[in-house]
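Each in C-alpha cells, the structures are laid out below.
What follows is chain A paired twice: with chain B in the first complex and chain C in the second.
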Partner chain A sequence: MYVAVKGGDAAISAAHAWLAQRRRGDEALPELSPAQIEEQLGLAVDRVMAEGSCHDRGLAALAIKQARGDLIEAAFLLRAYRNTLSRFAACEPLDTGAMRVQRRISATYKDLPGGQVLGPTFDYTHRLLDFALAAEGLPPAEPEEAEAASATMPRVTELLAREGLMSRDIAGGNETPPDLTREPLPFPTPRPLRLQSLARGDEGFLLGLGYSTQRGYGNAHPFVAELRMGEVEIMLAPSELGFAVSIGDITVTECQMVNQFAGSAHNPPQFTRGYGLAMGHGERRAMAMALVDRALMATEMGEEATAPAQDAEFVLLHADNVEATGFVEHLKLPHHVDFQSELEKLRSIRARWQADRDANPLAEAAALEATI
Partner chain B sequence: MNAITPRNAPENAYNFAYLDEATKRMIRRAILKAIAIPGHQIPFGAREMPLPYGWGTGGIQVTAAILGPRDVLKVIDQGADDTTNAVSIRRFFARVANVQTTTRTAEATIIQTRHRIPERPLTEGQVMVFQVPMPEPLFKLEPRLAETRRLHALGDYSLAQVKLYEDIAKQGESGSSYNHPVMVGGRYLMSPSPIPGFDNPKLHNSPALMLFGAGREKKIYAVPPYTSVESLDFEDHPFRPMRAPQHCSACGSATSYLDEIIADDQGGRIFVCSDTDHCAETQGL
Partner chain C sequence: MSILARASVEDMEARLADTPALPPHRVIRGPEIGLTMLRGRAGGDGAAFNLGEATVTRCSVSLPDGTLGHCWRLGRDRRAAELAAWLDAALQQDALRPALLDAVVEPLREGQAGAAALTARRAAATEVRFATLQAMR
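Entry: the complex of A and B
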C-alpha cells in the first residue's frame, strides 16, 4: 500500500518508453521527418520559434516532432536548448524598412507607395474543408508571379510622422540592449523589455488581451497602419572588425498599429503606435502584440490604467507559456505533505467549532435564525 | 562545493552540472548577497532548465551553482527519496554532474528538497536547497511585486499580521497549515516554502545553511547558519506546529511528521513517516 504512492526509476523509464511508442504511432504509416514538418507545418514551426525565442527552423521542427505536436512543449524544448548557447553579441537593429516583402498591407490607406501586397495569406479564403488535400499527390496550382517590387517600401507610420500626426519612437542608443533571458524583469518595465517579453509570450494569451482592448477593456481604437512579412538581413558588428557584416536573412512579421491619443499638457493630440514583431510568419501574434504594447503605454502617457491589458505586472508575468504551463502542471506533483497539514488544520478548526457549538447552543439557534 | 573541472562532465555536450560557468557565477553572486541579507529576496537571471518551471528549477539552479565533484547529493520530495520528482532530479544531477548521491541525510553535503526538512537534525557544513514556488510571503495579500518590494523595504508586515489576527478571531487559530511565514533575523518576512508548519522550528538557529531558489519567479534567498527564524504569531496565540496525532505504522515514531494513507474504502487509514530515511533509520534498516 505504502509503496503504491511512490514512483520509482522503473516506472519513469516505462512511462517514457510508452511515450516514445505513442509518438511514433502506427508503424504501418511512414514516419514524419523534421524536414516535412519544417516545410508543410511551417506556421507551427514559426510559432515554436517565436515562443521558444530561438530562430532555427530545423530545431523547431525537431522539437515539434519530439513533442508530438504539442507546441508549448516544443517551445519549452527549444528554450531549454537555447539556454545552453553562449551569447556572444547583439546584432544591429533590424531594418524592416528594407525588408524583401512577401506580404504588406495597410488598412489605413487605399493605396500607398509600394502598393498593397497580399502574399501567402488565409485572408479571403473560404473556410471550407478542402477534401482534395486528403488525397495526396496533387500538386498545388502554380501562383502567378508579379514583378518583384524593387523599391523599398516606406513605412506608413513614417509617412504620418513626417506630418507630425504620429509620435516618433525614440531611437535607442548604442548601449547593449537589455536581455530578458539574462536578467529578471524589473518593474516598472522599460519598453524594450516589455517588447521582448511580448515577442515570446503565448499567442493565445496575447490574442485574448489584445481582443479585450478592442472590447472596451483599455479604450483602444486601433488601425493596422501596416502589416508586413518578408526577409530581413541580420547585420552584426564584431568588435574586432569595427563595422557590420551580414550574417544571413530571417523571415519576420511586423505590425505597426495606430492608436489615438488625446494629448496632454506637454504633447499635442496625435496618433501613437503599438508595435509587434514575430519571428517567421505570425500575423495574429504580431497584431496582438502591437495592441498589448500600446495598452501597456497607458501609464507613461498619463492615461487611466484600469484594464488588465494595461497592467504590466499582470501581462508580463503571465504571458510566458513555458512558465505558465510549468506552474499549472506542477499541481500534478505530489502535495501530500501540505495536504496532510491542511487535513490536521481543518480537523483542529472543526473540533473548536463543534466545541463552541456544544458549549453555547443558544448562539447556534441565533445564528440559524440570522440565516433564515 | 569544490573546484569545478568541466572535463569531468559525463556528457560532453554540457558543462559540469549543466549550467555554464558564467551562469553559475551569476547565481553564486546572488546566493552570497542572499546570505549577507538573511530573508531578503535577491532577483537573479534564472534560466530555462530542461525540467519544467514549478518542478524545482530554482532549487536545481542553486544546486547546480554550488555543486562540486566531491559533494554528496540527496534529493527529497514530500520528505521521501523515492517520489517521482525526487528520482527525476537526482537522475538529472547523476547524469550531468556524475556526483555521488545518497538517501542518507547524515551522509549528504547538499540536500535539495521540496516541501520538507529532514527529521534528523542537520549539521554544520550541510546545505539545504529548497524549491520555492512563490517566494513572496505577501503574494496572496498583495500580488503586485512593486508594492511588496516597498513593504519589505519599510518592514511593513501589517497585512500579514492583520490576516493572522482575522484568522484567529474567526476560527481560533492561524489559517495557514503549510508555508506559514517566518521573520528572519527580526527583519524580513520570508516564505519558508510550502513546508508544513511542523518544520518551521527546524529553520531556527540551524547549523546548516538554508538556500531557497525560485526559478519561475527568479528569486534567491537564504537563511545563514545560526540565524533566528520566528514563525509569525502573537504573544497570546503562539505558533503551534502540527502533526497527525498518531504513531508511524512502520517505525512507531510518535514525533515525526506523518503521511496519511487511505488503506481501504471503509475509512481505514494508516500513518507512516513522510521522511523515508528517518523511518528506515529508526527501524534499523
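Entry: the complex of A and C
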C-alpha cells in the first residue's frame, strides 16, 4: 500500500541537481556527446536498443549519456520514449538470407559457400589491456581490403535441411504475428511471442539460462551452425502506395544453433534448431537467445521439461529487465504505512505469545524439553 | 525512393545546387516521427515474429499540379523526409525527371553503393584461408 506523502520536494530537486553534476563529472575534461557514444561505444548502444526494444542509435546513445552508462536505466528511458510515439505500420519480415554480411562464421562446416568471414571481432584477441588506447594518439590503421565475391551466402541450416537432416521451420506466410506489447502473454506461449520476448530480454539473464542448458539443466548439445552479422534492408508497404518500399538498413546479428536429434514414428531422426536474432551487433545475445529458444521447445518436441530454461512461464516472465528492475527497485519507494502495520502485527503477536507463556509456565518447560 | 530514404539532407541539398529549382510544394502530411515494428522469421525463413520497433519518419507533399510525393525513412530526420518527399514528387514530372536523375539520384546511388562495396571489401579481407595438412602437402 502506498500513501501520498507531501514533502521532500526540496530534497528531490537537490538530489537531481547533484545527479546532473555527477553525470557531467570533472568539468576540466571535455563533455561526452551522444554522437561520440554512438560511434565509440557502439555495442552498448546496440544492447540498449535491443533491450529497449526500439531501434534508434541516436536515442540509445542519448539514453546512455543520461543514465550515466547504466544500460538498464538507458533501456528504461528508451522504452518510455517509445511509448510517446504512435506506430505507423509494421515492416515486412527481414530477409537475413540477403544480408550484406560483415561477419559470418560456422562452427559446423569448415568450407562452406561464402566462406568463414571473421569481420570486426573480439575473437582471437588476447584480452590483454591495450594501454595504447589510454593514450590519445594516432588513428588506427586503415582496415585491409580484398576483392569481394558478389554471391550471397546460403544459410548453413538450409544446406542441412536440403538433405533432410534438419527439421524445417514451417514456412512463414503473411500472417500477422501476435504482439506482446499489445496483449498479455498467454501460456502456453506460441513461438513468435517467445521469440519477441527473448529478443528484448536481458542479455545477462538469457546468457545465464543458455549456459545452464549447456551445463546439464536441459540436456542441450548445441553447435553454432551459423552466426552472421551485417546490414539488412527494411521494407515497408505504406497504405498510400500499396506496395513495399525500402526505408533504410539496419544491422542485425543472427544465430542458428543446431541441436540434438529428435525423431518420432512419423519423422526420421533429425537435427533441431534454435534461433536468435538481435538488433545491432550482439553475438552473445543472439547465441543465448538461440539456446533458450531451443530449450523452450521441449514440450513441443515431446521432451521432458524439467530445467528452468525449459519453463516458459519462468523464463518469459522474468527475462525483461525493465519489468524486473521496476518491481525490484520499487521496494525503495516509501512503504512506511505498510511497514507500520507489519510492526503493529508483530508487536501484538509477541505480546500474545508472552501472555500465554506467563499464564502457563509448565508448557514452557515441556516445549524446552521437546527441543532437547 | 530507396535511395532518397538513405540520403542525408546535406547530400541531397548539395546535389540540388546545380539543378533547376524544384516546383513549390505543399506539405499534406507530416513530416512526423513514429514507429514501425521490425519483424524477423523463426529460423530466418519460418513464421514471422516481432523483433522490436524502430523510429521512422514519414512525409507526403503535393505539387501545384496535384502530383503527390512520399517519403518513409528510418530514423527521426524530419527535414530529410520532407526534402525526399518533395524530390519524389518532382521526379514524377517528365520535364524534371532526367535532370534530377542525373544530378541527384545517380550520384547518391553511387555514393551509397560505394560505401556498401567498401564494407564488402573489408569483410572479404577477414575471410579465413584455411591451410589444411592436405593443402600444405
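Operating definition for what follows: the second predicted complex is superposed on the first by the 356 of 372 C-alpha atoms of A that agree within 3 Å, B and C clash if a C-alpha of one lies under 4 Å from a C-alpha of the other, contacts with A are read in each partner's own complex, and residues count from 1 in each chain.
The rule is simple: a contact is a pair of C-beta atoms (placed from the backbone, for glycine too) under 8 Å apart; a residue touches a chain by one contact, two chains touch by 3 or more.
No experiment lies behind these values; they were computed from the predicted model shown.
J.: For the overlay on chain A, clash or fit between chain B and chain C?
T.: The answer is fit.
J.: Contacts for A:Asp169 in the overlay, against chain B (first) and chain C (second): which applies, first, second, both or neither?
T.: The second partner, chain C, only.
J.: Which partner does A:Leu94 reach: the first (chain B), the second (chain C), both, or neither?
T.: second
J.: What's your read, chain B or chain C touching more residues of chain A?
T.: C
J.: So, does A:Asn259 touch the first partner chain B, the second partner chain C, both, or neither?
T.: Neither: A:Asn259 stays clear of chain B and chain C.
J.: Based on the superposed arrangement, let me know which partner A:Asp9 touches: chain B (first), chain C (second), both, or neither?
T.: first
J.: If you stack the two complexes on chain A, which partner ends up touching A:Arg352: first (chain B), second (chain C), both, or neither?
T.: After superposing on A, A:Arg352 lies in contact with chain B but is clear of chain C.
J.: For A:Pro188, select first, second, both or neither according to whether it touches chain B, chain C, the two together, or no partner.
T.: After superposing on A, A:Pro188 lies in contact with chain B but is clear of chain C.
J.: In the superposed arrangement, does A:Gln310 touch chain B (first), chain C (second), both or neither?
T.: neither
J.: Could you tell me the angle at the CA centre of chain A between the CA centres of chain B and chain C, given to the nearest 10 degrees?
T.: 110
J.: If you stack the two complexes on chain A, which partner ends up touching A:Arg82: first (chain B), second (chain C), both, or neither?
T.: Both: A:Arg82 reaches chain B and chain C.
J.: After superposing the two complexes on chain A, what is the shortest C-alpha distance between chain B and chain C, in Å?
T.: Shortest inter-chain C-alpha distance (chain B to chain C): 11 Å.
J.: For chain A, give the residues common to its interface with chain B and its interface with chain C.
T.: 82, 86, 181
J.: If you look only at chain C, which of its residues touch chain A in the complex?
T.: For this pair, the touching residues of chain C are 1-2, 5-6, 33-56, 58, 60, 68, 70, 72-76, 116-128, 130.
J.: Using the touch definition up top, name the residues of chain A that touch chain B in the complex.
T.: Touching chain B from chain A are residues 1-2, 5-9, 11-12, 76, 79-80, 82-84, 86, 181-188, 313, 317, 322-323, 325-330, 333-338, 340-345, 348-349, 352-353.
J.: Considering the complex alone, what residue numbers of chain A touch chain C?
T.: Listed in rising order, the residues are 49-50, 53-56, 58-59, 82, 85-94, 96-97, 100-103, 110-111, 115-121, 143-149, 155, 157-158, 168-172, 175-177, 179-181, 191-193, 195-196, 199-200, 230-231, 233-234, 236, 238, 240-241, 245-250, 252, 254, 256, 273, 275, 277, 279.
J.: Could you list, by residue number, the parts of chain B that touch chain A in their complex?
T.: 14, 18, 20, 22, 43-50, 52-55, 57, 77-80, 82-85, 87-88, 91, 114-116, 133, 143-146, 171-173, 175-179, 194-198, 216, 218-219, 242-244, 250, 257-261, 263, 270, 272, 274
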